[in-house]
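What follows are several structures.
Same chain, two partners: chain A is paired with chain B first, then with chain C.
Here is the complex of A and B:
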């Protein structure tokens, strides 16, 4: 099995880009990834891209050929859609393609244009990630669904709004130095607590924003990196994917996310390591409660212990295991189909030492990325390691 | 590299199912595939599904978890979207997954619900497979786009409406005995010529219909088939994928489909055979001209020779290389995200000898499936062989 390296990463600034299309954003991210990698775009053998709601936001499906054009590559190109885990799945298949020897160089990432929709239309568009027949038509929106999960968690394990506010405050603080982040400003715990409710117990700062943006990764085989003298110290050593029932009503426990647990177990086994080896993580905090569920699924906190991790400083920038040093979906932003690639790009920068927040993790060698779709009906976990 | 066998196939009847959802259709197809394979659904390790316009027709994205539920499997599940080639790409990735040893049993296929939309809405929904900025906003629809391709072909090589009418008539004749086909009635060449125009030179019988339907394949490794004593004589021995520029205006020659040529070349090389070895083909005849372009890309006819193939009886049921013995998209129907899986299901039945049209190809050993997206900006080709 061939080893896989992250040769280069590219990102757009996350935020509102009202005059730019999804393809235009991906072109920028891809160009950045090629420059960062020192790999010519002509070397790319396959393209895997995530996109979630292009059919709604841009009246555009069949994005793979368009994004190949935007990236300037000509090769088989495939779009993946697993709601908010779209790019995570695209990256995972790229990793498997290189491992199997099918290709040595794959461009993977994703793009999403969302701010072209008003809040109502965006909420309705995002709702296609839930079960239309049994959730959406009954009035469930994503803030509502995660509010149900937060209530279930509080009932099962305790904790409350104050602990979630610590998650928001932590991630906003992490975003301040990140040049790609949508919201580069601090939010205090009290400010988060005082914000208006969205779906009780979730208030404004418990929710990630609507975001435009793109991500791109040049993934290469170990052999290709060596043969071409690439400076690519970060390897993808583990990948895992999990799938759960779609509708919350069909789940046995709303305070757990077994799809992510399955994905993490597979990824750790694949990398031949475990949660105790992890130095930092980027997790899918579409809502603050989602970060809590994520770190428990990753085994970075025991069930019921995740809620206090930010409050107690265990997951803050200088904690034992910093979580979402990028700012997370919460403050860096969440262009849905791009997020899974962004997480791996940010982890790569953090592990290489060229991220504005790398100073918080100078000795980090193992990072984990956790990307979830919907209410974690889909999940993808990747393990990244510095391999020198 | 592990060999891949088609252990079982399942299809719904293609047509109008006004009271059934896409997931319900897929449940039927999957159940049929498990029964046909003699494989328990609990053995499935991964699910790959194609779906194109669920976001528009059913307000439903993130279909992979839903379709896993519908099929009764619990495993990593991934949705693929490459317009009309969605299921072809899903099958291709399943083949690569088994080959690499990542899994021994993968369920692959697709589903689409379309007749819930009226003609105008369906035409608008299908248009997301073209370039929204540079084609759709200028008024291009798919009948219009393929009409441009037909005109370019006629200008380059000759031929006209009568030759296309022979394609329609042939495929309608093939669909008559097919229990899964949408239109099981003969259409004469004169009837096709007399039908009203849709986009000149394409008339009504040059276009495939709007269709609901699903397809499913149980794909297994050679080792799994042997260990479990499966009767699975058909192997997938070649797979290839190609990508072209999206907009017709960016192509150099509208009378050629290089993405399909690339896919075919890769698939033939993969299977270590060539066009001369092919006994029958299922090709993507979303319009009659598309069948002509397809057989030329597959090397089954030289450039300029494809237009006369149906007229001259070379591709008819008792011709040298029967094309679309299923009835094709033209008469069997085209539930977009399911079509690529349906083609392989039909080829498998034809090669096994249990298709109503198997009597036309009693000695066939090699079949080719050609699945295209949009105006062939995406293409997937598979080679199937009887391996005893």
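Here is the complex of A and C:
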């Protein structure tokens, strides 16, 4: 099996760019990835891109050939859709393609244009990641679904809005130095607690923003990196994916996300390591409660213990296991179909030492990325390691 | 948009008539229609078992930022309740979900920063519109926004 390296990463600034098309956003991210990699775009053998709501937001289906054009590549191109895990799945398939020997160079990532929609339309667009018949028709929105999970979590394990506010405050603080982040400003716990409700018990600062942005990664085989003298110290050593019942009501436990546990178990086994080896994590905190559920699924906190991790400083920038040093979806932003690629781009920068927050993890060797779709009916986990 | 969804709409019809049911496979796994294969065990035969008269609320939220289809309903509550072999998701009716307003309640006064640990949950928790564990009945009603029918949960009457 061929090893896989992250040769280069590219991101747009995440934020509100309502006038910019998804193709333009991806073109910028791809160009950045090629420059960072020192790989010529002509070397790309496959393109895997995530996109969730292009059909709704910009009346554009069939994005793959369009994004191949935008990136300046001509090769087999496929768009992946797994809601907010779309880019995670696209990256995972790129890793599998390189491992299989089918290709040595794959461009993977995603793009999403969202702020062109007003809040109601964006809320509606995101809700279609839930079960239309049994959830959306019963008024379940994207925040509402995570709110139902949060309320169930509080009932099962305790904790409350204050603990979630600590997650928000932590991730906002992490985003301040990140040049790609949407919200580079601190939010205090009290400020988060005082914000208006979106879907109780989740309030404004428990929710990620609506974001435009794109991510791109140049992934290469070990052999390609060696033969071309690439400076690519970060390897993707583990990949895993999990699936759960679509509707929350059909899950065994409303306060757990077993799809992510399955993905993590597979990824850890794949990398031949475990949660105790992890130095830092980028997790899918579309809502503050989602970070709590994520770190429990990754084995970084025991069930019921994740709620207090940010409050107790375990997951802060200088804690035992920093979580979301990029600012997370919460403060860096969440262009849904691009997020899974962005997480791996940020982890790569953090591990290489060229991220503004790398100073918090100077000796880190193992990072984990957790990307979730919907209410974690889909989950993808990747393990990244520094390899000389 | 107006086409019926076979299986699902017959099930909602049955709920509206007070004849709600769950599909139950030979292994006892409950599910809802349309269903050809049990998602838990792969069984392909089901019996239609009447839902219990009352379910039990497991979680609830009050939605303040609605999608367009619920624009005139907001704020509204959605809950998940266990009814025997299945859980149902429905709009909660017959409870107080607060006024239709969107202003933040900004009368936080004293400095709680010093004793945040003890100030905790009582002063920051949102009121639940119904208690977790409370009994509810399932039915069907019209949405305020567009009159389309929705599955509803209501506090059980004595």
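FYI, the second predicted complex is superposed on the first by the 388 of 388 C-alpha atoms of A that agree within 3 Å, B and C clash if a C-alpha of one lies under 4 Å from a C-alpha of the other, contacts with A are read in each partner's own complex, and residues count from 1 in each chain.
Keep in mind that, in the parts below, contacts are C-beta pairs under 8 Å (C-beta built on N, C-alpha and C of every residue); 3 or more make two chains touch, one makes a residue touch a chain.
Treat the numbers as computed from the prediction; the structure is a model and nothing was measured.
**Student:** Given the touch rule stated above, what does A:280 touch, chain B (first), chain C (second), both, or neither?
**Tutor:** neither
**Student:** In the overlay, answer first, second, both or neither for which of chain B and chain C A:245 touches.
**Tutor:** A:245 contacts both chain B and chain C.
**Student:** Regarding the shared-chain residue A:133, is it in contact with chain B (first), chain C (second), both, or neither?
**Tutor:** Both chain B and chain C are touched by A:133.
**Student:** Is A:201 in contact with chain B, with chain C, with both, or with neither (first, second, both, neither)?
**Tutor:** In the superposed model, A:201 contacts chain C only, not chain B.
**Student:** In the overlaid three-chain picture, which partner chain does A:232 touch, first (chain B) or second (chain C), both, or neither?
**Tutor:** neither
**Student:** For A:378, is the partner it touches chain B (first), chain C (second), both, or none of the two (neither)?
**Tutor:** It touches chain B, and chain C stays clear.
**Student:** Answer with first, second, both or neither: which of chain B and chain C does A:173 touch in the superposed model?
**Tutor:** In the superposition, A:173 contacts neither chain B nor chain C.
**Student:** Could you pull out which residues of chain A sit against chain B in one structure and against chain C in the other?
**Tutor:** Comparing the two interfaces on chain A, one with chain B and one with chain C, the shared residues are 127, 133, 136, 245, 250.
**Student:** Write out the stretch or stretches of chain A touching chain C in their complex.
**Tutor:** Residues of chain A touching chain C: 119-121, 123-124, 127, 133-141, 143-144, 147-149, 151-152, 155, 160-162, 165, 189-190, 193-202, 245, 247-250, 254.
**Student:** Write out the stretch or stretches of chain B touching chain A in their complex.
**Tutor:** 21, 47, 52-56, 58-62, 64-66, 68-69, 74-83, 89, 93, 96-97, 99-100, 102, 127-133, 136, 241-246, 250, 263, 373-374, 377-378
**Student:** Quick one: in the complex, what on chain C touches chain A?
**Tutor:** Contacts found on chain C: 5, 8, 31-32, 39, 58-71, 73, 76, 78-80, 86-91, 102-106, 108, 112-113, 116, 120-121, 124-126, 128, 132, 148, 150-151.
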